[in-house]
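Each of the next two complexes has chain A plus one other chain: chain B in the first, chain C in the second.
So, the complex of A and B:
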């Protein structure tokens, strides 16, 4: 079970990087980076999971003392989801500029940096 | 580098990484087990500051400095994207198209859910220390909810009711508020971003000290940031035309 849970995360990271390597379109590369990032969330949440535990929010249904899953990894995943969304937006803005300046979004056709 | 060479390099790196990850899995604690030392410490610290939502407590109290850095990354990437998306020398503003044909049902649903989603977003931000939510999630709900106006009406309507300048200020205010909270902690001698306010009763709306304030500041920052980003992309598509003469 450990192998399956952590393996899913590792697989997502690697398949995302592989997508960047074989990409023929910059927008596709940006999406692949997001896939690789999602793999890290799966790893984080798998590290924090406990069988039978509830969400780390106490209330009437789950008084303090109830077993909860690890909130530290959830907090890391949560902040990173929002931040990675804006970083993805930054990358897409870069793609727009590349498309305007070079007239292509195929990475292999971008040979040299031009001002 | 040609494609074959690239695949070979990737393959070597992939195998190396797999070997490392494979040996790491054997040392990781078993999936679903009860051994979570960080969880135990974080839960104890959250209860000490009467914050029922431990995730919010980690973000806005125990690891506040980390969240400040994340917020700075967010601000920097929004700034970068906004800079990249402004009109270039060979581009000019053009009149954006008005509303096209639209189903009455779409329009009605948009106008009904616009206020609902804005209130929901504010609720998620304000109750972040009590129930699932907080500044990050609520900010995204607020910013995307606002764009129901674009779906239900038109781009000009969105532009009229969304003064972009305010959201640019909002970003600065969000960042400034968090830094001020940190400096306030320093001035009282408790330390940067320490929880200096009284923490109140467990489960009360006004409780958990600086956590709700931090959460609201992040909510303002995230909502403004997402609005500025979406505005940049929308303008790029709808309100900017390339000058054919110089292109």
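So, the complex of A and C:
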């Protein structure tokens, strides 16, 4: 089970990067960046997962001492999501500007920066 | 004086507060007040980091955020650890930010408070990255400085090149950051720790198994991307070519070199003694030499002045990595001085280029031939900067290079660093002589499709009339800083403390300290001066050759064309190179 989760996470990271490599559309590229980042969420959560453990909140249903999943990786994943939202928004804004100024969003047709 | 333990957090918080103030009052305040507030907060940051530098001369300052002090066998807090080295880097960050903001006073025609706020957030990200002692924190600050930097690179949002450069920069750096995060996750899964000192303790029993090596390779990939090491370097030239000149100062001077700082910190605190020294040494050395060589070849064949300076930055970061690769305290001392000297000198050159762009609306070298004849003083400053870039004693670059050459203790390595820096210095000198003094025959200004020319670069602003005193002051201060970097006191002990893994772990986790290591000898030597003068002589030769040699052999020209074509400006290509580079780095580590 946990090997499967790790495998999924690494596969998502790699397939995201592969998507950027093969992309024919900048919006697709930015989404692929997000896919790669989603892979990191899966890896992080897989690290903290424990079979049979509950959410890391102690209360009436789960007194201190109950096995819980690791809250540290959840905090990390949350931080990661915030970062992702910022970066994706910024990159998409830049793609809109590229579309306006270059009149295309196909990476092969952008020739402004060479050499 | 205030509690020294409050200083590290203040150093990161000051610019964030400044950014908030600017964004809140941006619409109400007049332009001069915005600049004054921004510069004031940058100077506050500088003062705090200088105070830290003073305090850390007596030992490290350790601050556990939120009072989560470590208990025996248990440490869950996030820690800020400041020693002389990272206090000095933070001071450098804020010094450059102050200079860049000062230059910006009269440079930008119309900016809203966003620009200054972004610069301050960028500074906060860089300061946090240097001061933290926690791996995940490093990633967060890495992303913070990244996000601010992408926005700053694409600041001229109406300019087609600018948005494309910002996008390339953002995508490549984000992918690098995610590989780093993957590495952090693997390391956390393996050890259950995120703090650098805790990781060092946890790994010291493990030895080097494949998982540790993989996590080191993955984490380093992000730092290598930030440092623009070949083959992760493609974004840097694009971002520098399009960013406003004061932003280039920060990109070139500290942001990219911070990648090298990250590599050195990670290795010396966590992985020293875990991974075989020879493997890390070889991997860093191969990448450093490749970067220095490729950067200098690309630099000398540019006509777009900002791109030329950007490739020269790549060369110099390669030299920095060669210094780190020596894996001893002398190498760290050399790298530190070189970093400071290069930052100041390169900053001055970028600001001078910004002046050219605002006056003549071009950064194309053939197009500018002889046009800046009226500005002899700026020309002299450019020549001085170019020679300092090559390593003119007594600039910090000369001392740093001789120290890291001594640390590498290899003649062939000295030849590589000497030639590479001479070539980039020569290229900058060629630009200065051509543009300001009209030396040599007029170059042909026909454009080829494989090289960016910079003719239609959109100016950041226009400055008619004499150069404003704030701009002159910023350039003069940076050149003086480059000179001062050659005479930094306390360098040896700082470098010795940086490489002292046991003391770092012991101070942070509250164990008993160990013996103080002997600091390396870091003064000027006769050979340092001679080597510096030799590099300068070589740089002059390169410049003269660039000015007068008209015919290039066909085989060389086709080789260069191929090399330029590789730098395609295509995001997909850059991502492919990133994967290749990460695999190559892991392979180098495995081969040992």
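In this text, the second predicted complex is superposed on the first by the 110 of 115 C-alpha atoms of A that agree within 3 Å, B and C clash if a C-alpha of one lies under 4 Å from a C-alpha of the other, contacts with A are read in each partner's own complex, and residues count from 1 in each chain.
Methods note: contacts are C-beta pairs under 8 Å (C-beta built on N, C-alpha and C of every residue); 3 or more make two chains touch, one makes a residue touch a chain.
This one's a predicted model, so the numbers in the text were calculated from it and none came from an experiment.
Of the two partner chains, chain B is the only one touched by A:69; chain C is not. In the superposition on chain A, A:47 makes contact with both chain B and chain C.
Look at A:56: by the touch rule set out above, it reaches chain B but stays clear of chain C.
Judged by the touch definition given at the top, the superposed model places A:110 against chain C, while chain B stays out of reach. Touch criterion met: A:79 reaches chain B and chain C at once. Of the two partner chains, both chain B and chain C are touched by A:97.
Once the two complexes are overlaid on the shared chain, A:15 sits clear of chain B and of chain C alike.
In the superposition on chain A, A:30 makes contact with chain C only, while chain B stays out of contact range.
Shared contact residues of chain A, touching chain B in one structure and chain C in the other: 10, 17, 21-22, 47, 72-73, 79-80, 83, 86-87, 90, 94, 97, 108. Within the complex formed with chain C, the chain A residues making contact are 9-10, 13, 16-17, 20-23, 26, 29-30, 33, 36-37, 39-40, 43-44, 47, 72-73, 76, 79-80, 83, 86-87, 90-91, 94-95, 97-98, 101-102, 107-108, 110-115.
Residue ranges of chain C in contact with chain A, taken from their complex: 76, 136, 140, 143, 146-147, 150-151, 154, 157-161, 163-168, 170-171, 174-175, 178-179, 181-182, 185-186, 188-189, 194, 237-238, 241-242, 298, 302, 307, 449-452, 564-565, 567-573, 575-576, 578-579. Residues 3, 6-7, 10, 14, 17-18, 21, 25, 28-34, 36, 38-39, 42-43, 46-47, 52-55, 57-59, 63, 66-67, 70, 73-74, 77-78, 80-81, 84-85, 88, 130-132, 134, 136-137, 139-140, 203, 222, 225-226, 229, 232-233, 236, 242 of chain B are the ones that touch chain A when the two sit in their complex.
On chain A, the positions that touch chain B within their shared complex are 1-7, 10, 14, 17-18, 21-22, 46-51, 55-59, 64, 67-75, 78-83, 85-87, 89-90, 92-94, 96-97, 100, 108.
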